[in-house]
Amino acid sequence: MSKPDAVEPATVHNAMNPDETPELRQLYADFEAGHMMPLWTQIGNLMPKHPMPRAVPHIWKWSDLYPLAKRSGDLVPVGRGGERRAIGLGNPGLEGRPYISPTLWCAIQYLGPRETAPEHRHAQNAFRFVIEGEGVWTVVNGDPVRMSRGDLLLTPGWNFHGHQNVTDKPMAWIDGLDIPFSYQNDVGFFEFGSEKLTDITTPQYSRGERLWCHPGLRPLSGLANTVSSPIGAYRWEHTDRALAEQLKLEEEGYPGVLEKGHAAVRFVNPTTGGDIMSTLRAEFHRLRAGAVSAERREVGSRVFQVFEGKGCVVLDGVSRILEKGDLFVIPSWISWSLQAESQFDLFSFSDAPIMERLNFDRTMINGQLS
Amino acid sequence: MSKPDAVEPATVHNAMNPDETPELRQLYADFEAGHMMPLWTQIGNLMPKHPMPRAVPHIWKWSDLYPLAKRSGDLVPVGRGGERRAIGLGNPGLEGRPYISPTLWCAIQYLGPRETAPEHRHAQNAFRFVIEGEGVWTVVNGDPVRMSRGDLLLTPGWNFHGHQNVTDKPMAWIDGLDIPFSYQNDVGFFEFGSEKLTDITTPQYSRGERLWCHPGLRPLSGLANTVSSPIGAYRWEHTDRALAEQLKLEEEGYPGVLEKGHAAVRFVNPTTGGDIMSTLRAEFHRLRAGAVSAERREVGSRVFQVFEGKGCVVLDGVSRILEKGDLFVIPSWISWSLQAESQFDLFSFSDAPIMERLNFDRTMINGQLS
Amino acid sequence: MSKPDAVEPATVHNAMNPDETPELRQLYADFEAGHMMPLWTQIGNLMPKHPMPRAVPHIWKWSDLYPLAKRSGDLVPVGRGGERRAIGLGNPGLEGRPYISPTLWCAIQYLGPRETAPEHRHAQNAFRFVIEGEGVWTVVNGDPVRMSRGDLLLTPGWNFHGHQNVTDKPMAWIDGLDIPFSYQNDVGFFEFGSEKLTDITTPQYSRGERLWCHPGLRPLSGLANTVSSPIGAYRWEHTDRALAEQLKLEEEGYPGVLEKGHAAVRFVNPTTGGDIMSTLRAEFHRLRAGAVSAERREVGSRVFQVFEGKGCVVLDGVSRILEKGDLFVIPSWISWSLQAESQFDLFSFSDAPIMERLNFDRTMINGQLS
Amino acid sequence: MSKPDAVEPATVHNAMNPDETPELRQLYADFEAGHMMPLWTQIGNLMPKHPMPRAVPHIWKWSDLYPLAKRSGDLVPVGRGGERRAIGLGNPGLEGRPYISPTLWCAIQYLGPRETAPEHRHAQNAFRFVIEGEGVWTVVNGDPVRMSRGDLLLTPGWNFHGHQNVTDKPMAWIDGLDIPFSYQNDVGFFEFGSEKLTDITTPQYSRGERLWCHPGLRPLSGLANTVSSPIGAYRWEHTDRALAEQLKLEEEGYPGVLEKGHAAVRFVNPTTGGDIMSTLRAEFHRLRAGAVSAERREVGSRVFQVFEGKGCVVLDGVSRILEKGDLFVIPSWISWSLQAESQFDLFSFSDAPIMERLNFDRTMINGQLS
């Protein structure tokens, strides 16, 4: 598409700004009475030159989050009605809403020794990522799924799920959901399930994994494609090995890494090769010590959590130091780059499937549209 | 999926509601300071049993809208900066935002005699629908498109477009866009184009129509599928004929209508058979005099404009009378049914492609999930 | 893919050609007894450097075909068992099989005054194209479809169909099917239907057309995609207009034609924008007087019939004169180019959907892979 | 689709069979001279009521095949020109062609100690399956792939590939290709590559595996979908475990097996979840001792090789005993059922992707269309 005679918006005078007269005042009053609003006074705000998110880049320190979650464990029982001892991270730019971005919910969830979070289901898609600890099983549509360090666990929309801690130690993890998107667009349904878990066994591997986690193999009993991944748990042992192999291939001089010193995998639905759920993308990134990722801007919002190692992120030109467990959000079109001091492992999730399915995705890498 | 031991939410006590103590107060204060918010106090609002839209069903009378648009024409010049003399309909439930629903923008646009609205482009998808009048050409990426009564005109995302009125009479029409969705999710880009139209000719048919509006025929020069429809104008003559044929087939005893006495067509992208644009669906409905449509609930929001005829709509159980030009919005999961007094023609648009692409779509017809 | 150390096959000695010994003779005899055959003696034939079709380019003159069809009409009654008075064109390279190419069947079918060809259905996909005449209705799954000059009529796999001539004049047309492909790969099913047509009315437009032939419009009663096009008849009036518009756009300086002086459309399934049937592609080409098309090679086979005008085709370097009604076949990877003496209209069909769906498609234009 | 007034073909008299007259004889002679053939005399053969394959069910005993392959190794050197010491299985019904079915090629390939089969590439898709032995690496586009017992190795169309045996023992395996389909439809291209292998290293795992064989994980450097699977080797350890898990799940009372006592997996392309290559499907089946599979008929042809265990197959009603290594072919629409005496492991490949992509697939299970 050619760009005929383009003009920079910043330099443009709004020609639709007549002198205020009684007639004009009356017109605007009549608009208001009639539930109408002129575009011409709002267009710059409503339709900016590029995304101008109200959400801001922000970092939550794990060293702050975990103690607060622990105190909740002491003071607030878990149970029906409140459903989960989950504390949402609220973007400072989003006016007191518990949204880490306009589309994404991210919370730390805490389950004390021997506690159970009752079963329910909802249209909202959800996952859990475990930064540390063990001892909890999440039961998804009756299939008990062990939660261990480094694992990604899915509870896709409309699957019943509850959690139980079978140990004498507490456990915490992060939850990611599309609650803000669902709330904003009025798509949510919710239903209570069993108060107690429907299966209290604690197998090493879930049935979903036993059927689906064989690379390149698909059960003949599962030939219909599914909207969400049938894999309930993406185990750290696989993620770690996949990332390590990419870096080894790089050392050997072969393709594999995303960019120099930067290995990365996406968690996918094996029935399609696409994202794990309709609204949420999950990835794992590993940078070698000393590696620096390209500067990226993406339409949509993304969250990272440091899994292991030290480094920093440059967000909108400002460098911030990161340690294990730290969480940060990158709102739409905010530039970001990772820098690794040690080997640097980060889990990431985003709303990219929304952007891609609706054809709003754009990416700029080092200042170039890709 | 079975529903083990389900409990009605309304009857549920929130077990996570401890007595307020100094420790609890301090915990909640520390949450706030740390940009954190507990789920357990908000879950009922954030994750309702079914969509509980803040947007409300509402009707705007054409007899109110048009005079206000005309007064704008007298008082506010059209031009660069404000860009369009478009007056957005603001849902009374959405707190003063110019959104007819959480996802959709709907405006009446007015162009006076010999006026030109300058060219620009934006990531937001847009269409125009003409309830009456003629004399304006919209130029989309350099292709002049006549706008006449009953026509649906597209300006898909990132296509330059401007309008000119070549007559001595004003013209008004409705605009539909995904501005609220784009604004909320920070996906918008915007660029000014030529101040004057890049092509001021006024052909009867646009070049897009001349290439693409031959039923079942695809130019060999256009074999790559396109994200949005390459048809710039869906003409009333075709829409009218398609609807008339459905009703004739019904009279002859053959399939064709959507339901008894109710003909309906969807405007589609001929390269895929799917919706005209990634976020917006457009349809045209015709009911015979006396026909009553089923009661429907849909996830997502929908707008109707009466094109011709008389009837009423039952919105959430309340019947409202409709006349030519009247616009109404149906928020998510609000029940609706149309009743035709005379032959009743209605244009409709919605955010259904968003819901379907993200797998949030659900429809209930006469109380049954379909 | 790089091409390491490539060697021209023509210059290669077969290193696997040992001197014949009694042991070798015995080995080869044992192979034969065991239903085994060595690759090394056959590879050059089985796996040529590029497609080496046994089928040859060939032209059938309409002036030969029609009189023979007429004589069949005098001598052979039409009826159950033989089913159709269709005379297949047999490629001279294909050893007496009634195949115009390895995948395609092409026949002239002749129906005398007041004759009826009984109903049946088969897995094979079929179409008819009418070079001249009128007066026959084909009934497809109970929907009577008028057959007139320039029309393309579909009878997709497993649809019941029969024909009747309601006039006192005979009519002939061409049939295209995937019979050779179906026979070779053992995919065919066949079932007799009604001896008399299930609907003997003779409407101007079929019900399929009345529902589906409105450009860019899809009935809400037909939202499920279909394997084959729901349009039973692609009318000449639309085809002619689409081609004329492309040439007018070219005159006006706008895109639209396939190449200089060469307009072309593909007949498509409106539910997908893809080919009319799973195995058969149909197109219409129009060249201006004096125009010459690029030299093309395609994987798969293609048939043309001259609809109107004069010109010639260069097949594998040999120019051949063409007149109205003449049919010719282009086997796989044979080069072809059209040259128009007058305005030159040609109908074409091919097995391209097979090649594309199985990723065997390759095209070379003027010696370059495209 | 209703079936109006259906008639059984067997009982039908061919009404188009006039008495032979001089005129008729002349007509048929003129047809022949004009390269034309009437449908009415051939329709029963060309368009049977259901697939009537000329190919027949047939079993090749491994105890016959292997010794013959070994003798070839002694008598025929491997090298350029003949390219491969592969001996194709020729279906007894297919008149001396080296085709195991109309679409499929199956051969035993034998590589002596320290031998190398030179590199080449072709449009035809190929795989190898290893019933016993080890010591050979196949190099696919420069990536060396170990071949070991139970492994499935891919060389998709247009990938350069050669093989080397790095041991002092011979090795044999089976090759599966779409040579008959490609030959019949004239889609083949072929190119010689390096005479010596481009990489003679012998790594435990190929680079393709190291990038792609992590369940549910996709490298960010590999986000573009590929026509064929990027996995060069599907290892026995994964296949065995996947099958064992299905049977364990069955014992525990959970879904997973295809049918009672019958576990089965399909080898898939992880970028799409679909078949490994455009024309070839590969599966592995395991039956418990005593299990009997349903009686199936499928459109298209399928080959099985017994990997381990004893049992029999009932082919078109005739039971045949099977032992390790035995190969058998099931032509289109021939009924088949497996019966396991011991635990019974079988590799299978077929042309099912062709049938499905062209919508010719039909399956009948225990006499019911599924």
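Chains: A, B, C and D, in written order; residue numbering restarts at 1 for each.
Everything that follows uses one rule, which is that contacts are C-beta pairs under 8 Å (C-beta built on N, C-alpha and C of every residue); 3 or more make two chains touch, one makes a residue touch a chain.
The chain list, named the UniProt way, goes like this: A, B, C, D = Gentisate 1,2-dioxygenase.
Quick caveat, the model's predicted, so the values are computed rather than measured.
Here chain A (Gentisate 1,2-dioxygenase) and chain B (Gentisate 1,2-dioxygenase) face each other with the same set of residues for the most part; over half of the interface numbers are shared between them. Centre-to-centre spacing of chain A (Gentisate 1,2-dioxygenase) and chain C (Gentisate 1,2-dioxygenase) amounts to 51 Å, using the average Cα coordinate of each chain. Per-chain CA centroids place chain A (Gentisate 1,2-dioxygenase) at a distance of 29 Å from chain B (Gentisate 1,2-dioxygenase).
In whole angstrom, the spacing between the mean C-alpha positions of chain B (Gentisate 1,2-dioxygenase) and chain C (Gentisate 1,2-dioxygenase) is 43.
Multi-chain contact residues of chain C (Gentisate 1,2-dioxygenase), defined as those touching 2 or more other chains: none present. Taken pairwise by the contact criterion, the protein chains form one closed cycle in which every chain touches exactly two others.
Every residue of chain D (Gentisate 1,2-dioxygenase) that touches chain A (Gentisate 1,2-dioxygenase) in the complex is listed here, in rising order: 207, 210-221, 223, 225, 229, 231, 234, 238-239, 241-242, 245-246, 248-249, 254-258, 264-273, 276, 283.
Chain A (Gentisate 1,2-dioxygenase) contributes residues 1, 3-9, 12-18, 21, 23-24, 27, 30-31, 34-43, 46-53, 55, 58, 60, 64-65, 68, 71-72, 75-92, 96-98, 102-103, 107, 119, 121-124, 141, 157-160, 179, 181-195, 198, 227, 278-279, 299-301, 331-333, 351, 353-355, 357-360, 362 to its touches with chain B (Gentisate 1,2-dioxygenase) in the complex.
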